[in-house]
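So that you can tell them apart, the chains are marked A, B, C and D in the order they are listed, and the count of residues begins at 1 in each.
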Amino acid sequence: MTTLLSVEKLEVVYHRAITAVQGITLSVQQGQIVAILGTNGAGKSTTLRAISGFLGIDDARVTEGSVAFKGRRIENRPPNEVTRLGIVLVPEREKVFPNLTVAENLAAPFAPAMSNAQRREREELIYQFFPRLAALRARIGGLLSGGERQMLAIASGLVCRPELLLIDELSLGLAPVVVEDLMQRLVHIRKELGITIVIVEQSAAVALDIADYGYVLENGRVVLDGDRERLTSHGDIQEFYLGQSSGDRRSYRDVKQYRRSRRWYG
Amino acid sequence: MQLTVNIVVLASIYALIACGYVLIYRVSRVLNLAHGELMMLGAYLLLATANSFSGNPAVAIAVAVALSLTVGVMVYVFLMRKMTGEMVLAAVLTTVALGILLRGVMVLIWSAQQQYPGQALGFSNPAIALPGGGRISTFAAILVLMTALTYAALFVFLRFGTWGVRMRAAGQNPLLAAQRGINLHAVYALAWGLSTLTGSIAGMLIALDSGLTNTMVIIGLKAFPAALVGGLDSLVGALAGALIIAAAEVLSIQYIDPLLSDVVPFLVLIAMLVVRPWGLFGTREELDRV
Amino acid sequence: MSDRMPRASGYFRTGYAQEMALTKTRLERVSLGAFVIALLVYPHLASPFYLDLASQVFLASIGALSLMLLTGYAGQVSLGHAGLLAAGAFTAGILSKELAAPIYVTIPAAAVTGAVLGVIFGLPSLRLRGLYLAVSTLALHFVVVYLGGEYETKRGFSTGITIDTPVIFGFRLYGGKIWYFILLAFAAATLLICVNLLRSRSGRAWRAIQAHETVAEALGISVAGYKLLAFVISSAIAAVAGALFAYYRSFVSVEAFSLFLSIQYVAMIIIGGMGSLLGALLGALFVTLFPYLIEAVLLKLPDAQSYAGVLFAVNYAAFGVVMILFLVFEPQGLVGIWRRIQSYFLLWPFKHKPVAGARK
Amino acid sequence: MRPSIIIAAALAAGLTGSAHAQDAYVVGITAALTGPPASTYAPAMEALRIYIDGVNARGGINGKKVNLVIADDSAEPSKAAANAKKLLTQDNAALLINASLSSTYAPVVAEAKNAGVPLLFASSVCPREVYPPANEGQFCTTAFASTYDSRAALAFVKDTAKDTVKIGFSAMAIPLSRGEMEFAAKQAPLLGMVALPVEVIPPPTADYTPFATKLKDGGANWVFSWAPWVTQVRTFEALRRLDWKGDFITWAHLEAEGELKRIKDGKFFVIGANALFEDNLPIHKEIIEANKKAGSKYPPEQMTEGWIAGMVIEAALKGAGWPATPAKIQASMSNLKVDLKGLRGGPIEWTKDNHFRTKQFYRVYKWDGSKIVVAKDWYSYDVK
């Protein structure tokens, strides 16, 4: 198994003043589905953005550490270059072009040079992953439902032929059944295209049942990581992410206790 | 009859200029107030090529067109690129400054004399009698056709051309566009190039039709209410706006007071801004872009 | 006590009195004093030409300050400033021509006209922002100028309205020195008004509106009201500046209030530095003197006369270049440069204030 | 407030370098060398410069060189005002020249009056003050003269037109041109013509056809235009495009000669006070020669106005002697007669109360088939 993406001691600063993540280290193996878990403001999205690159308007940059893709340093590269290298991000919101039709949304992205035959084949494949979209070809992105929008976002991401697909908050604002369905499609996509996928999730339950490996972020730090078994079996995760309580009610003191214990994994 | 012809001619002049404003605004949310100057520059470029390639006008025109396209691209690459990510207003003021600079430079190079590129190219400009008693000068006619052509081409390009779709995409959400592998700088440069190109064509045709002085800038400024009335981010709007402004102007000349023709466009503009600020075909959210 | 605190350790206010004080440290008081003295001595040393330059700077400062109030603080962009100046000038001109009204009537009248126009210019701002607002003010500029032109021709002042030297209580306001001091006084007054406005509720309200209208609204600030107020005050001041111009140059004509003038004023506040009164002053100084600078340089070159023909063009181009340079490389303008020097010494040996970078 | 110091320093720095007396006649010029109307004034000033250079080359006037200080006002009144102040206070000009739009007159006149320096309008429209009874400080060499031009033009129309004249007028939206056309519109009926309302055209217009359409629809068989050249010629061309068959008379600005050759229309008359280079007088050759030598970017036929101004200035300064105070120059100007060697129909003659000229001569040219010909030779009006 080769390391596809490795993030070392990543530190991101917004507006030259606000530090969003401090010293995050994580690595993604070829072909894995990796889940990044954490509560709001834990720095999940920032990490993804840092990997996929910032724009001038974001006024943010990687000040410390490194992001390496296939052993190649890519931090602080503009997004379009990163995309062309094979990393594609499906952002949390504003993930489709509202005034473009579905077809146009799929036509707009930069696709590496390929023969028309390949391109058609590719299109087929995408519509095969998301048959729904085929029906919506002429509808504009702004009028799609949440689920359809997510499909379109992933599909248009796939147009760029990523080796690594980053998905931010896939489950956000979607019905559990839809999320479940999308997750299964991801597994399918991974199998078909042999690509690696990183999903950022608040709801660990959803993420962990397809992820091979997971990282838990708190306040811009990695506090816990391990493969699915380790994480699902881990007490704190069960407690605070999967929401299963181990029988007897616990007092506030214990919560503090948990927080202290958590530092161990930091 | 003649009245309609006049309206159509003036409208296509304004429309051809206005689409330049729209192209750039639509893609980069920047209002290019140097458009008038760039248009005039195009006309002067034609004059220059006309003098150096006198004899074969085709070459002269081709070269001038090519040059104007490059000028537009260069303006982005060397100037406006630095303004991406800055306040939109700052960018707009930069275009104003650019305009001032260009004006100065053009006077330096070509003096303030009245010039006739048409003559230099050995073109004559006979009037054509239209069925129904109207008359139109050759180059005015060409200009009308050119405008129609340009708009048709732009519509096709933006709807079906890959880069056209990408331009629209970049206009709607630059970040996502970049994340989809679209090179924003390329798109913006393209927009500037096209806008300058169309503007220059307008400038050249006006100059061929009725000579060239350094007051042409103000025509560019008068075309810009057309763009706003129609809605800054809509080509259809630009077309409609141009028609409205032109009609208002010509009719006020004919029936009210010729002097008004100077302010009428802006009166229409004010009215529109009060009633429907985002213009006839503009999208409403544009308003909040500051 | 606090006066004695060395600047290097930062300046800390220890009482409300100091909050209200116009000058903070002794150094400021001293340098201000020096500056005032310099201003008072200047006219007695300067040649008429340099006197005229100074007077132009003062005129420009008044206009620039008023625009800074509107754009730099209340965040309302205006490309119609020249229109307001014109309105003021024409009010003064018409009143003194038609009714032979004395200056102490015409100037307030100009202020009133300005205020009224301010409401008109301001109305669009209730619906429009940024570009669209700028454009609407631009349009209004054209309308004002058109009306002025109509008046000129209809009354047959084909070469502009000439205004004879104003007289106050039998005393003729004539000559460079007198006008130097009059304009200086008006400029100083304007500065004081602005400073105090900005220290008061309205100033804070404007800043809030500029920062974020919706939030300001949520904070219980009547956005509409304060926007209009900003327009009214700024326009009134601008109109007075226009009237002063009319008297100082002893003529009024629309050609004097071209669109380029509006742009020049915008340039002043940009080059000077948005959101700073000091910036407005520096900008006015710079933009007014710049052409003469270029001219002086150009005419130093050998065979100067042959350049005379291109002077304006060169000026024009150079002005554009400078504006671009500031917009691209120094968005905070002259004041920004100044602040950086200042804070460099203040914070030495440290690099920069933690938030300094974030300041927009 | 530390920048206050900087400002103070900046101002203080400005104090140095005030005026100092020179060993030459200093003539200050504020002219619209650039800006919209520049095409009228720039060539004239170029000519004036060339002429004065020639004078200096010939050893100057009364053994003293003439120092021409040209300041560009780009037709902006406030710039003109500042220019005048500078020229008078900084360069100590003993004679001030205005070659710019009429909107710059007010401030320049004011400055000149305050400084007691004579003011010469060269190639710019003559203000009322120079006509009798003349203001003692203002003079004018410019060819065209409001009211007289209209009379001359209408007179020409009257005796060339065969059938009844229905005449239209096209003015540019600048006060002066409007005023003149209004005057003409009042005069025409007195000469038994039908006058159409004046078409006032805003300076920069994308398309003149709408205005032309109105003139044509008005049924004009003659059109008179007294405005900057652009407006005159574009109105005409627009009319022709509308297949208008009528006659067009317009003022012969500097561009006239070149344009007649370009337009080649037999019914396009230009009326003016300057002889065109078609006459090919010795002085014309002289001008062409000098123009070539100076490598000017303007064609010689645009140089007459400036040349005349030069001749007049030379005469005036010669009369004033040395050292020349403004007063002396003014005195010599108030009693001056300059032979223009055929550049105009007659001499420029200034008296105590006439600073325009005692006789105003006119000539009408047109194009016939192959060349420019005189349609009506010199005829004059007494100015009083």
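Criterion: contacts are C-beta pairs under 8 Å (C-beta built on N, C-alpha and C of every residue); 3 or more make two chains touch, one makes a residue touch a chain.
Small disclaimer: the values here were computed from a predicted structure and weren't measured.
Of the two chain pairs considered here, B-C and A-B, the higher C-beta contact count falls to B-C. Of all chains shown, the one whose average CA position lies nearest the global CA mean is B. The chain with its Cα centre farthest from the Cα centre of subunit C is A. Taking each chain's centre as the average of its CA atoms, subunit B and subunit C sit 33 Å apart. Averaged Cα coordinates give subunit A a centre that lies 76 Å from the centre of subunit D. Rounded to whole angstrom units, the spacing between the C-alpha centres of subunit A and subunit B is 44. Computed centre separation for the pair subunit C/subunit D is 37 angstrom, with centres defined by C-alpha atoms. Residues of subunit B in contact with at least two other chains: 107, 259, 262. For subunit C, residues that reach two or more other chains under the stated contact definition are 310, 312-313, 316. Multi-chain contact residues, meaning those touching two or more other chains, occur in subunit D at positions 34-35, 42, 173.
Residues 77, 123-124, 127-132, 134-136, 138-140, 142-143, 146, 150, 259-260, 263, 266-267, 270, 310, 312-321, 323-324, 327-328, 331 of subunit C are the ones that touch subunit B when the two sit in their complex.
Interface residues of subunit B facing subunit D in the complex, by the touch rule stated above, are 2-3, 5-6, 9-10, 13-14, 107, 111-114, 116, 119, 125, 127, 129, 135-137, 140, 206, 209-211, 213-219, 222, 249-250, 253-254, 257-259, 261-262.
Residues of subunit B that touch subunit C in their complex: 31, 79, 82-83, 86-90, 92-94, 96-105, 107-108, 221, 225, 228, 232, 259, 262-263, 266-267, 269-270, 273-274, 277, 287-290.
Subunit D makes touch with subunit C in their complex at residues 1-5, 7-8, 10-12, 14-15, 18-19, 33-35, 42, 45-46, 49, 68, 70-72, 74-78, 81-82, 85-86, 89-90, 101-107, 109-110, 127, 173, 175-176, 178-179.
Within the complex, the subunit C residues that touch subunit D are 23, 27-28, 31-32, 34-35, 38-39, 42, 45-50, 52-54, 56, 149, 152-153, 156-162, 245, 249-251, 253-256, 258, 278, 281-282, 285, 289, 305, 308-313, 316, 338, 342.
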